[in-house]
Structures are given as structure tokens and as C-alpha cells.
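To start, I am sharing the structure in question, which I have written as C-alpha cells.
Naming follows writing order (A, B, C and D), and every chain is counted from residue 1.
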Amino acid sequence: MKKLKVGILGATGTVGQRMIQLLERHPWFEVSAVAASDNSAGKGIDCDFVLSGLPSSVAEETELQLAKSGVPVLSNASSHRMKADVPLLIPEINADHLDALELQKKRIGSRGFIVTNPNCSTIGLVFPLAALDRKFKVEAVHVVTMQALSGAGYPGVASLDIIDNVLPAIDMGGEDRKLETEPLKILGKWSDSRFVDSPMRISAMTHRVNVRDGHLEAVSVKLGSKASREQVESALRDFASPIDELKLPSAPRPVIQLESHIQRPQPRLDRDRGQGMAVVVGPVNPCAVLDYKFRLLSHNTIRGAAGAALLNAELMYRKGLIGS
Amino acid sequence: MKKLKVGILGATGTVGQRMIQLLERHPWFEVSAVAASDNSAGKGIDCDFVLSGLPSSVAEETELQLAKSGVPVLSNASSHRMKADVPLLIPEINADHLDALELQKKRIGSRGFIVTNPNCSTIGLVFPLAALDRKFKVEAVHVVTMQALSGAGYPGVASLDIIDNVLPAIDMGGEDRKLETEPLKILGKWSDSRFVDSPMRISAMTHRVNVRDGHLEAVSVKLGSKASREQVESALRDFASPIDELKLPSAPRPVIQLESHIQRPQPRLDRDRGQGMAVVVGPVNPCAVLDYKFRLLSHNTIRGAAGAALLNAELMYRKGLIGS
Amino acid sequence: MKKLKVGILGATGTVGQRMIQLLERHPWFEVSAVAASDNSAGKGIDCDFVLSGLPSSVAEETELQLAKSGVPVLSNASSHRMKADVPLLIPEINADHLDALELQKKRIGSRGFIVTNPNCSTIGLVFPLAALDRKFKVEAVHVVTMQALSGAGYPGVASLDIIDNVLPAIDMGGEDRKLETEPLKILGKWSDSRFVDSPMRISAMTHRVNVRDGHLEAVSVKLGSKASREQVESALRDFASPIDELKLPSAPRPVIQLESHIQRPQPRLDRDRGQGMAVVVGPVNPCAVLDYKFRLLSHNTIRGAAGAALLNAELMYRKGLIGS
Amino acid sequence: MKKLKVGILGATGTVGQRMIQLLERHPWFEVSAVAASDNSAGKGIDCDFVLSGLPSSVAEETELQLAKSGVPVLSNASSHRMKADVPLLIPEINADHLDALELQKKRIGSRGFIVTNPNCSTIGLVFPLAALDRKFKVEAVHVVTMQALSGAGYPGVASLDIIDNVLPAIDMGGEDRKLETEPLKILGKWSDSRFVDSPMRISAMTHRVNVRDGHLEAVSVKLGSKASREQVESALRDFASPIDELKLPSAPRPVIQLESHIQRPQPRLDRDRGQGMAVVVGPVNPCAVLDYKFRLLSHNTIRGAAGAALLNAELMYRKGLIGS
């Protein structure tokens, strides 16, 4: 089998480096070209599709030009995520959002297009929300994050800022806003040629802690219908995805891994589950304010960034949307 | 002026050491005796009152025996906090709870007694809750903590457990339960010879992070009456206490210090405010699930432990309840 | 092929856990029994040989009893290392020291025996010393260590002691003394039924730093004969061992890995080289006081402890000294 | 008394910030102007003298222009330290090097001039060397450093580089070279209108560790004459300086503080001794390679930078070299 050729944008950054690492020995894809993050990134790049780890500042224009020139772009940048015809894709959750591409291609006027993956703190959160929303409806979500240093890229957080410290309100609160809005699009519908947000309400408070990799999140949820603690845990444990049968190389099984010990998950112990692609959820307990509370952990540069973009590519390859 | 003689129990621990440090150059009190935390702790100790930093395992019996022998005990241990006639005292908030001592002395059959201060994570939380409850009533509270290593005592947390990591559910969830129950007693009333809890609902999730001192807490509140963001911040900023006029040596003024920068408070930058006795609260923002959200920080071994017990002693001295 | 049965002593400790991990999927050995570190450790254990990760306090007596009862003991404990007829073995360096076993067995009066591996900080140091001593003679060595937390076992170093800190003189200087004496035995000879120390002089200063795994050492050496910087680097790079041809499963090739970048080796980047069994040595530079200086890094719980004992077992199995 | 007006260059950096902090409530000096580190730094600054915390990249030219315009410049930058007529000053050690200023002023053609203080890792080392050199002559020095993050300025070291890690060869080895050369000038003589280096040989290996403030150094020395361990400790303990009688506000007494516990000094416990201006030296022990070994600690941004420049200013004020 001939492997698809992948171009990596932002190849020198934390996410770009992970992309290259994850493509070593990949069964379907191989890196054919890399570009750093300057303005000319990707110009004349020859490949079947692009994985972009560009910083948002340059991603918007560069990715759009690439798409216009006919290249499928799978991007980790935030620039296009909330656009009206750009899928914010998690294969296990909203594969049907790819239907938006038809419209997008028309707008761009090219067979190229842009598909994005969510922010690294969003992606862990969305899995349990999807599992619970499907069964019980989720009305409200309260989430407090303790996020790893690698989420800020390199050089990112100064050591003098984080030693013996915690830094609140990542990106001056910009991270909170992503976490409050991106899940609504992901858990919403593509219907009548537009995205309709989930009506769920989300309140987020983000923090940077002195951990290398792995975002930990403390979550409380209010459900739309009554459910016992056991039913909630079952819904998480039994979460199945339409893509399970596709056997995508980077898809962990199961994607939600439920831990029963109250002191788990922990970043260092649990971040590498499922080759960094699983979302580890701790035991569920009643919440005195909303209905239930639990913690979750996901590897922010794998499941939350490079691995997310790669899994998107795998899904699209299987569906014939790239490389054919 | 002759200084009161203070006995320190648990003098070799993290809290006991802080007590000794805070009593150096104290205008009213001086250390006259110290005891470690073995079974004989405090036996035959000669002093006007005792500050106890004993671990809970030995505190219950030792402190009771001391009180029975006529000694006022001001304890940081959790053993007696929730007892029906033991004040869980914060001078700025519930000085009237000292009325319970009359009943307690009768039960014990001595002029000695026990007064406790709250858990180190409770104490920071209770200040903004008291300020808001007074003005708007607080119906529900969601709190997620990021707590410092010194809160676990010494040797406490193993370095191998916390390096590149966060530890959830402190004390296997016991800390969460303290944080969900202690504020209800503190913010409740002493009425008809018993404590009546505040009807507030609290949901807590605790975490240990790689920080030496200073507990950071992310808080959301649901208020009983409508209030603008400005009114909420004013209630915090203008919080005044009946004890302000007593000019107690360890009382910071103001006790709640409001920060306007979204990335504050931070443990290392803000823990020493008011000589470690202030509670620093960050800017207030709307919460999409409850009404408002904010962060707070307090120094866990000063305001949250040794300084709390000392301030209790200062209040009781001024009121003639010790040393007279 | 039937695998040899291995008993693990001190199985709950940091080193014991590593031993168990390294024996998963081992081609020759399998764990048949485990025992913790209390006094009865290993009593009646049924196995072909024992790997001991016991703390020194209990190792001396327990290991001796086991040997007397006929069991080969491969120990990581310091108790027997410096005994007159106990090999302090590093397969790549002093395999001939196993000749001492004949005498030891007579003393013990059993077919059982004890073979030890060096302290975790010694083992990394000895490789470059062996390489240089063989070619140029090493007259004097100055070594300053920056050692990882896992070297102190679990719970080991309190987080409050190491956060924002470095701890000098590990084990109150006991570690310095091991580092100054153990290499002399290892690099010495077994001759006329006794060990004759190498005449090399070693000065050591040890430190604990806030790193999970990987001991970094800054080394200066005075050589017995003139050598250029290139010759010194060649001696390190080309270090070959008589056991290379035995193809032992845990033996890395090459065992000394020379790095050319001045800012390497680094604990987090280099500790897992050769599955944690390699010793990474940085570039060699002239020393203004002795002759040359360089840094080295080795994984303290693999090459420096569990893996060291296991490699000893592999060598002895190949030589027919165990399991036959 | 009218206070001298001080201009601060590089005022936004780690060192500049410390300078400003140390000048709050200074009895002789007050900050009159501050400038950041761009090209125009200090242009038209109106003050009695300048403290410069400029980065080396801009310091050379900016400081020279200031001196030419008649302003005394006390600089922490490395640019001018090794110049033939620029004092590399430590008041307690080589106050007589100020004699070089006469020549320097002639060269510059101005009443302005430049005086420098040493690199932050040099300054701690030079104190015990001065004490021992004076009594016994020091022939050779071997030093391995474990340096704090603040020594790299802000943002300086990326948190992703230092978490769970140690970084060797600071500044690609440039720091090692400063440590090997600066003490020779400091401990040398100003004689016949030129600096004559001390003949001492120094070998240095530097490392960055995960500590906020406080450089720890492991030192071995070879002495020119025989001395007992007690004599060496006495020489350190009794180190007296000609400036002791000047009672300079920032001068600690004693400047060398000898610790007797083998596990001291430690960065977090000892860096603030003498308001961060003392050099803490641990117990002296025999060295198997050179003669004696010990550890030292100094606060790198106070004694090692901002406080060093300030103390230089205090000495020069007392001597009538500035402000008159």
C-alpha cells in the first residue's frame, strides 16, 4: 500500500513535533514535508493533506490559502474552529459534522478545505459530556481545570512563574471562553446547512499547574433526567462510537476509561493511557449543587492536539475525503 | 504588662512550629511550654491556655483531658470541631458562637474548655461566603481547591507523588467533606443552646498541587437575591467585622483583599498578604451555571491554622475568656 | 525453554517494583514469589534465585540466611557489598570477580551465595572510569552528583524538603563514602583469594535534586598517562566488554553512549537510553585542575539498581552459576 | 541629609527590579529615574550615578556612552568586567582595585566611569577563596554549581526545560568560563597601572536546577601551605574585611557565615541570610583529591547581582568617589 504524503505546518513547535512523532511508523500516512511557522509556511508544499500545528496568529491566513490551493488542511489552531462551515471534529462524537465540508468547499471555491480539532482542554471534557448527554441530556456543566505546561507550547510558561505556584485564567481568560463555547458546537448538530449549538450551559475556570503533560479537570454536571450514580458510571463506561468499527489506527478502545479509585486520575500516572489517546475519568459522586461530579484527564499534546488532528485525518481517509 | 503563658501542643509539627514563630515578639502572649504529639502531650503543662497543633489521632483525648483539668484549649485539630457545644470560631465572622462555652463547661465540669478553628481549606472560603451571605444570602457554593503541600504536615506528601503531578481527593475525600460541612456550622447560628447550620449547599472537590504554601480555590456561588457584579465586588471589598474595633494584634485590615487582575491571586505572589492572615479574592465574573465565580487564596499554615488559633486566643483574651 | 523462577525480596519498594516490571516478558526468568521487607522476608521462598531490593536494615541477616539455605541471592542492598568474599559485580567490568564465590560458598557452607551490585550513584561513575583506567590509568577522580528522588526510595524525600531546594550530603554523607569506596573494589582485582582495591583516589560530594529519575554526575579525572581529548573520547566511545558476545537480554550496546552536545546529558531527556541500562556521557573537556572533565547520567532505579541486579543474574545464568 | 539620586538601567528585568526593591528606604540613595533595556536606555538620565542591570547585549555601548557623558556607572553586566582598567569590585575583598579608575577616566576622557560587579556564580565562590588565599594561598579550585532559575533573568528558563530535569553547562559553557576567570582578576592585584591575575587555577562545571533563588556550589581546594581542618574553618569564620569599619548599609556582618551541619547550606533555607547579602559556607571536610572540600550558597539576585552593585555604590560614596 502506498502511504499518503503528509505536510506538517508548525513543525518546530510542541504540537508539530508530536505530529511528526506520531507519524513515525504510521500504517497509512508518512511525513513528506515540514514547514515552520513563518509567513511562507506551506507555500508550494507537495502532499495529500496537511496537519497544521501553526500558532493562531499565522494559522488563519496560511491555512485558508492552502485550502484554496486545493489542499485538505487538518488544523489544531483555533482560528477557523468556530467558523460557520468548518467542522470542529472529534471522530468518536460528531463525524456527521463533516457534512459541512460541501458548503465550505463551495465558499472557498476549491476541492481543498479546513477541518479543525478542539482546544486541548475542551477535548477531554467533551467525551464524558457526550456520553451523558446522549443518555440523560446534560443541562449544565461546571468545570475547573488544572492544565499542563506543554499546553502553552514552547518556550511557553517561564519557570520563574510556575515554580511553587499556580497560574489562574490561562490566556487572560481566553482559555475559559474556549472551554465554554467549543463543546456547544461539537455537541450540537449540523442541520439545514448550519451548525446548531447544544443548549448546554458551561462555566469554566482554568489554571496552569506545574505538570509537564496531562490536563486534569474537575467537573460537575446537571442532568436533564434522573439517573443513579451507577447509571451515570455505566453511561461513561459503555460509551461506544460509530467509528469503533472503522478500526482507525490511533483510536483507543475504549476511548473513555473509567477509574474506580477516588484519587485517580492523576496526570503523571494516567496521561499515557491508550497511547495518550484515551480520556480517563474518575469515580462519579453526587454533587451537592448540581447532580454529579467527577474528574477527567487527557494528554493535552496527544489526544488534545497532535493525536486529535491525526485521528481526524484517519477518519477522513476511511471515508474517502482525503487521498482519493 | 505581664504576658499570658501559652503551652504549645504538637510543637514539632508544621502547625506547631508556626505557632511558636507567630508568638515570637507577641505583645500579649509568650510560649511557656511545648510538647510534641505523643500520648503524654500536655500532661502537667503549666500555662494560661494551650494552642494545639496536635494531629487528630491524638487530639481528641488529650485536649479533652486538658480542658477537664481546667485549661482553655484553642485547637487546630478536627476532632472537636463539629461537637454540639464546641465553637468553630473565626473571630471576624462568628464571635457570638463563644456563647456555647457556657454549656460546654457544664458538660466538661471544669472552667477549662475547647475552642476550635476550621480546616485550612475551609477558612479561606468562609470569608467571601460570609460577606456575600450577609448581603445577598448564598444558596449554593461550588468550590474546587488547589492546595499546598504544607497542608499535609511534615513529612506529608512524598516528593515522588507530587513531582510532575496533581493529587486529587485529599485525605481520600475527607477534605472534601470538611469543606462541605464546616462552613455550614460557621455561618450558622448559636440559638436556643444549639448550633443551627446555615442552609447553604456546598459541593467541594479538593486537590494537592506542587506549591509550598497557599491554598487556591475556584469558587462559584448562587445568590439568594439579585446582585450586579459591582455589588458583589463591593460586598467583598467592604466586608467589615465587629472585631475590627478590638484591634487584635494578628487581625489584618482589611481581612478580605480584593484583587482586580484576572490572573490573581497566585499562591507565591499573594500568600503573605496581611502577614499571611488576609484572604485574597480575585475579580468576580458571571458564572454561566450559578451566578458568580471568583478565586480566593489564603495562607494555609498561618490564616488556615496557627494564625487562626492565635487570633481566636486574642479575641478571647480581649473578651476576658482567657487569662483572667 | 523452561524459565528460571525468581523470588523478589522487598517487592513493594521502589527497587522491588522495578525488578518485577523488568521481569515482565523476560526471555529467561519469571517471577515466582514476592515478599515485602519485614523480618520474615523470603522465608521458605521457592525459587531458582532471589533478586533482593531489601533495605539495608533488614538485608544483612535475611540475605545471609537465604544463602545459607542454598539460594543464590543477587542483592541491591549495601549490607554485603564490601565483604571480603562477596563480588560487587558489574558484568561489563569485573565478571572475573565471580571467582570469589568459591571462597564465599565455603565460608557460608552452602551452595547458596550472595552477589551484590553497586550503589546507584556508583554504577554510572564506574563505566567511564573503567574505560579510561584500562587505557590510561586513572589516578584521581573528583565527582559531584545531582541525584534523583527515586534513589531515596518511597516515601523517601518529603516534598516540603525538596520544593525550590537542593539537599546536600545524601544520607548525611554516607552516600559520599559509598561513591568514594565502591569503585575501588569494582575496579580492583580478585587475586590470591582476596580483593585488591584499585589505587585510584576518589573525592565525592552528593546532592539530591528535584528530578524523578536519573542521576547526573559532574566528573573530573587525573590520568596516569598523557592523552589527548580525542583519545579520551575514543576510549569512552569504544569501550567494549567481554560480555558483549554473550548477548545478555538486558545488556545495552553500547553501554557507554557518548553525547557531543555540551548541554547533555540531561536527566529527563537521556535517562531512558538503552531501556535505562546505558550510561550517557557528555563531551570531554580539559580540566584546569585535573586533566579532563565530563558529565554522565544513568537511570538510578534501572541501571543503578533493579536492572543491575537482573543483568548480574543474566551473566551468572550464562556462566552456569545459577539455574543449573 | 539629601539622598543621592540613582538611575536604574534595565529596570524591568530581574536584576533591575531587585535594585529598585533594595533602594526602597535606603538611607543614602533614592531612585530618581528608571529605563528599560532598549537602545536609548539612559539617554539624558539625570542622576548622581547609575546602577545598570542591562543585558550584556546592550550594556557595552550604553554604559560607555553614559560614562563618557560624565555619569558614574555601577554595572552588573559582563561587558566591561574584564577590561584592563575597569574594577571588578567586591568591597570586602578588593576595594583597592578602585585605583584603576584614575586610568580609566583618562581613557574615557570624562569624570564618568564604569565599575562592575562579578557574575552571580563568581561572587559566592570568591569569598571563601579570598579567606583561604589570604591565610594559606589557594593553588587550585574545583567548583561544580547548582544555580537558581532567577540567574537566567525573565522569562529565562522555560518551565518545560527544567521540570523533572537539570540543565548542564549554563550559557553553553560561557558561565563556566566566567567562573574560571573572574576570580583571578578579583583576587589579583592592581599594580603598576595594570591588573595582575591571581595564579590560582580554577575548573568549573555549571548547572541550572529547579530552584527559584540561591546558587549552591560544591568546592574543593588545594592550598599552598599545610592547614588543619580547624584552621581552614577558622579562616572562613574569622574572615574580616577592611570595610567592616565603614558600616555600609548593605554589608552583612559577618559576610561569611559558617554552618556546621553537613546538610547545609540549602538554597531555600539559607539564601536570605544577612538580607541576602551573606555567603553561607558549610562544614569543611578533607578532599581525597585536592585538600579540602565544602559547599557555599549565595543569593544570586541580591549578593550576586543587585546587592553587589549597590554595595559597590555604598563603598564609593563613603570614599567620595560618587556624589561629591
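Criterion: contacts are C-beta pairs under 8 Å (C-beta built on N, C-alpha and C of every residue); 3 or more make two chains touch, one makes a residue touch a chain.
Given the structure is predicted, the values throughout are model-derived calculations rather than measurements.
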Do the two copies chain B and chain C share over half of their interface residue numbers, or under half; same or different?
-> same
Taking CA centroids for every chain, report which one is farthest away from chain D.
-> A
Taking each chain's centre as the mean position of its Cα atoms, how many Å separate chain B from chain C?
-> 50
Find the geometric centre of each of chain B and chain D from their Cα atoms only, then give the gap between the two centres in Å, rounded to an integer.
-> 44
Touching at least 2 other chains, the residues of chain B are 163-164, 210-212
Chain A partner, complex, touching residues on chain C are 163-164
Show which residues of chain B lie in contact with chain A when the two form their complex.
-> 140-142, 144, 146, 163-169, 172-173, 180, 201-203, 205, 207, 209-212, 216, 218, 220, 222, 262-269, 282, 287-290, 293, 295
Flag every residue of chain A that touches chain D in the complex, lowest number first.
-> 14, 149-150, 154-164, 210-212
